[in-house]
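For reference, the structure is listed below as structure tokens.
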Amino acid sequence: MDGDDSSKDLRTQSFSGVGLACRRGGRLVFTGLDFSISPGGALVLRGPNGSGKTTLLRVMAGLTHFTAGHLAWDSVPVEDPDSHAARLRFVTHLDAVKPALTVTENLAFWTALWRGKEASIAAAMAAFDLTRLAEFPARLLSAGQRHRLALARLLVAPAPLWLLDEPGNALDTASRDALARAIADHRASGGMVVVASHEAAFVENGDTLDVGLFTPKIASHWSDDELSGAAE
Amino acid sequence: MSVFTSILARDLRLAIRQSADSLTVVAFFAIATVLFPFGVGPEANVLARIAGGVVWVTALLAALLSLDRLFTVDFEDGTLDQLVLSGEPLSFIVLGKVVAHWLTTGVPLIIMSPILAVTLHLPAEGYLPLMLALLLGTPTVSLVGAVGAALVLGTRRGGVLLSLLVLPLYIPVLIFGTAAVEAALTGVSATPMLSVLGGFAVLALTLCPWATAAALRQAVE
Amino acid sequence: MHRFANPTQFMRIANAIYPWVAGLAVILFVVGLPIALVTSPPDYQQGQTVRIMYIHVSSAWLMMMIYGIVAGGSAAFLIWRHPMANLVAKASAPMGAIFTGLALITGMLWGQPMWGTFWVWDARLTSTLILFFLYLGYIALNDAFEDSERGDRAAAILALVGSVNLPIIHFSVEWWNTLHQPSIMKLSGDGVKSSVDGAILLPLFLMMGAFTMYYLAVLVLRLRSELLAAKIRNARMSQVAVDAAVGQPAE
Amino acid sequence: MDAILNYLNMDGYAAWVWPAYGLATVALVGILVQTRRTLKTREREFETLKSSRRGGQA
Amino acid sequence: MSVFTSILARDLRLAIRQSADSLTVVAFFAIATVLFPFGVGPEANVLARIAGGVVWVTALLAALLSLDRLFTVDFEDGTLDQLVLSGEPLSFIVLGKVVAHWLTTGVPLIIMSPILAVTLHLPAEGYLPLMLALLLGTPTVSLVGAVGAALVLGTRRGGVLLSLLVLPLYIPVLIFGTAAVEAALTGVSATPMLSVLGGFAVLALTLCPWATAAALRQAVE
Amino acid sequence: MDGDDSSKDLRTQSFSGVGLACRRGGRLVFTGLDFSISPGGALVLRGPNGSGKTTLLRVMAGLTHFTAGHLAWDSVPVEDPDSHAARLRFVTHLDAVKPALTVTENLAFWTALWRGKEASIAAAMAAFDLTRLAEFPARLLSAGQRHRLALARLLVAPAPLWLLDEPGNALDTASRDALARAIADHRASGGMVVVASHEAAFVENGDTLDVGLFTPKIASHWSDDELSGAAE
């Protein structure tokens, strides 16, 4: 039931990571990475393709395992993935939309799961200009409309931390503005936002974190040093 | 429990909206069973001899086929990421999906089974034990299958790999399931076999949702 | 062809023939049933069971004719994209499935007294069973898609592929020697010859005619019903989508 | 009476002949009834839709 | 023909790179067959009586399971769009994929079959006809299955619908396939049955690539 | 074999459509739509989400059936979909990349299928900065790297018409520049480009076509008029 009143204490929360390192497919994607977001803050992840923005977002969400460092929420180390998950919303490349359900039904499902209020569904649809499509099965939506439906999920049940992976993909100008507004509102009420994007448009006065400015290192389970005497 | 019911409700709604789905599971069950008289020949005594086993094996294969896609769609469209991040116990969510699966495929199979038993010339006293055995056995089938379905997420040709993982685990269910039918035909009480099947179901209910949740977690990593 | 693609034109013709086929169906049943059931003599070999034939052969004939119509409609739909042809196919298929079921069951009911078994795996029986499954597959495929127009096209292709089965059903008794009766009719140089007595042929033809007219009459009703459904969908869609988001210039 | 019973008995083939005719009747009547019923419900639905739209415009 | 070979080469390379895939088809074949002694009981004479039929039925089901995903991956990742737009006859492309499928699943099944026949106590004179019948029958299975796989693209739970569409069409193959084994066991020549199977294969080869191509075209529309 | 020398006659070709109408899911997405592209020309499709840009591209590719109008190539009506397909490349939202194959193998397959030259593979990889990733299995690529691999397909075998659906998605700045360069080179050699995009950056001096500026009409197979007398 803490989902319900989490909106109240948005302001008191902060999120940070220290010395994070992550290995994917045998290569070290990043190492020694620090970040910190305070209430109302925003962090824009930048970096060329393949620099590790998506990976870092998944680490922040607790989905991907990291090899060193730690995450902290209000200075308390993040340990239980479920309770960490309850305080964040993650919009990924995949939009988790069920084609057979209508726009409203899609949102209603997530609202129920996240114990949000029924009433917020209409507001979320309005924010992303989906109201007129409310009774359309999602299979009839175009790429941008589907993506807007995924974004509308951010608003059905409040959560302090938003993780957005290239949220501008496929959006038209009006929808980009709507997204920027939603982000600004969320921050104004004390929420935090992390955006991985090649365009800066959505976030005003956010911090910037350059991901992957170092040469990626090879990383098997063990470093060369550790292996040195092993296979002789 | 609200997680459980909202998952259950959504999966049932999806199943009803695409009602052809559970119908086709039953259709597979029927067709695969009907293949046997073609393959084995139509002699009633041979068929009657193998009827219980054939119905059980095809029921297992039918359940397997439908389990294949239990999590695949959610995995591919990103829903699974979101479910793992729901902040609710993942094993409850899993249980909701498994119960929806059982209601839409297991139950139709049970209802269908006596009809197929007739076409295979199973003696009438075998019908009730067959249905009871399926009633107690199919929940285990769904629960164990869910673990397999979660493990093979992200592999190509998951279906075949799934059967490799899961079919061996079905063997005990199969043995006691057919033994129950056998017993009834030879006039012995089927109760001991049925209670073993019930025991399997309880065991599966306590272990499988947890194991499935763990498998799903590593699938989205 | 294009004249029939327009539903209004098509239904004008269909509605015009409706009273005739419906009336003929009633007359043929009223005349044919008493002859089939009472006045016609028992067969010298098959005795009274020959009366099953009037239903069995009529259903079998109809199931094949309907499949021909389903396949033909599907072809027209795929080649010229005539939705009306598809509608005819879609409205016919469930009836085809039911008549196939009827042919199978009456055949089994006939087989038990004649051959001593309900079922043998001979070519005609097997190919008839396959026809039954093809009908079921057509129906299942038709509503397996979220986009109903895709279902239409996929099912139409299945119907065309399955039409290979039709000649197999018909000629199976000649290509393989089976338990099943060979054809009653033989077309030869000097016209149609039959090995069967006229007293049996008369009720057979009456019943086949009655079944065929019945099918045509019900088909007209089903087409009306399908077109009404299209109208309802139009009306529904225009209510939902009159101002549905799309296509308006961004203000 | 005997004649009727004798006729109904079909020389002992009653168990095969009558079910065949019975099932055929059920099938033919069933299709007809089902078809007419959906036709009727759709007609009714269409009428209500039409009248409600007219009401909306007024 | 270069289209055909480049498709064939790519699909073979993909299959080898994920060699677990064709192994799992064989594994399914083996496990499903081995389930029967559990379901039916271990008596050698009963098993021998049904051996040919069981091997054939499970081979068909195994092929079916692997056919399920013949086009799915290409459909979902956009490759199918590109193949339709390749400007080459789509039926050649289809043929390439089907041949690759047959080489990676049909052939292993054929090689595996005598081993399974032994476990089901099939008399030794049945081995060769069984393998020959599978050799002539499995191409038809792949070709017909490809049509079904293309038709069910984009449906949820395509696998079960696929079996409804395709298994009935396998019935003739099954009948003549088991009849060939039967004939050899009773000392009659299996040649007539084998030539019918060959005839089916030729028929399927002429019709199915074309029908599959039509189905694929409407799937990407 | 005509794929081989199609590069020679790029200049002589033009592509146009007249009075196109297309129906999706029972709604008329566009109707009475005209366009025309001359050699070296470019067309940018604009319009809010759901206006029909993707649909129009699929119509141009010959994938989606249109209900009225016609397409013409060099003023000759387009009839055979296969020969039309041979003169175009289509980059969609889906990138048609096989995760199990390396970057080079992925490109080599399409090169063989389109009868392109082996040598062009290296050039295509260089153009989209994939050379370092050549021997990487595609499953290790990030979103932007995968999309670059899809774009590199444009260069392995020449074809006069490029259809690009939101080609900028997930690309970093350097890759956007590379794409703009590729498009400019293609046009300089007489090729044609159609781009659906919410950003104009990739095309200089292109024509613009606003898609879906009219209110969408309802269309089942038949209009209400056609049905009027049908079900009485």
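Chains here go by letter, A, B, C, D, E and F, matching the order in which they are written, and residues are numbered from 1 within each.
Note that contacts are C-beta pairs under 8 Å (C-beta built on N, C-alpha and C of every residue); 3 or more make two chains touch, one makes a residue touch a chain.
Predicted, not measured: the structure shown is a model, and the values here were computed from it.
**Q** Hop across touching chains from chain A and tell me the fewest hops that reach chain D.
**A** 2
**Q** Give a one-word verdict, same or different, on whether chain A and chain F use largely identical residue numbers at their interface, taking over half shared as same.
**A** same
**Q** Among the chains, which one keeps its Cα centre farthest from the Cα centre of chain B?
**A** F
**Q** Distance from the CA centroid of chain A to that of chain C, rounded to the nearest Å?
**A** Computed value for the inter-centroid distance: 57 Å.
**Q** Taking each chain's centre as its mean C-alpha position, how far apart are chain B and chain F in Å?
**A** 45
**Q** Please tell me the distance, in whole Å, between the geometric centres of chain C and chain D computed from their C-alpha atoms.
**A** 17
**Q** Roughly how far is chain A from chain B, centre to centre by C-alpha average, rounded to an integer in Å?
**A** Those two chain centres are 37 Å apart.
**Q** Give me the residue numbers in chain E that touch at least two other chains, ranges are fine.
**A** 18, 76, 155-156, 161, 164, 167-168, 171, 175, 221
**Q** Which chain C residues touch at least two other chains?
**A** 121, 133, 136, 140, 144, 146-147, 224-225, 228, 231, 243-246, 250
**Q** Provide the list of chain D residues touching at least two other chains, using ranges where the numbers run on.
**A** Expected reply: 46.
**Q** Under the stated contact criterion, what part of chain E meets chain B in this complex?
**A** 18, 20-21, 24-25, 27-28, 31-32, 35-36, 38-41, 46, 49-50, 52-54, 56-57, 60-62, 65-66, 68-69, 73, 76, 155-157, 159-161, 163-164, 167-168, 170-171, 174-175, 178, 182
**Q** Which of the residues in chain C come into contact with chain A in the complex?
**A** 146-147, 240, 243-246, 250
**Q** State the interface residues of chain C toward chain E in the complex, per the touch definition above.
**A** 78, 121, 126, 129-130, 133-134, 136-137, 140-141, 144-146, 150, 153-154, 157-158, 160-161, 164
**Q** Going by the contact rule at the top, pick out the chain B residues touching chain C in the complex.
**A** Residues of chain B touching chain C: 18, 20, 23-24, 27, 31, 37-38, 42.
**Q** Flag every residue of chain F that touches chain A in the complex, lowest number first.
**A** Residues 24-25, 27, 47-52, 54, 93, 139-145, 147-148, 166, 169-176, 198.
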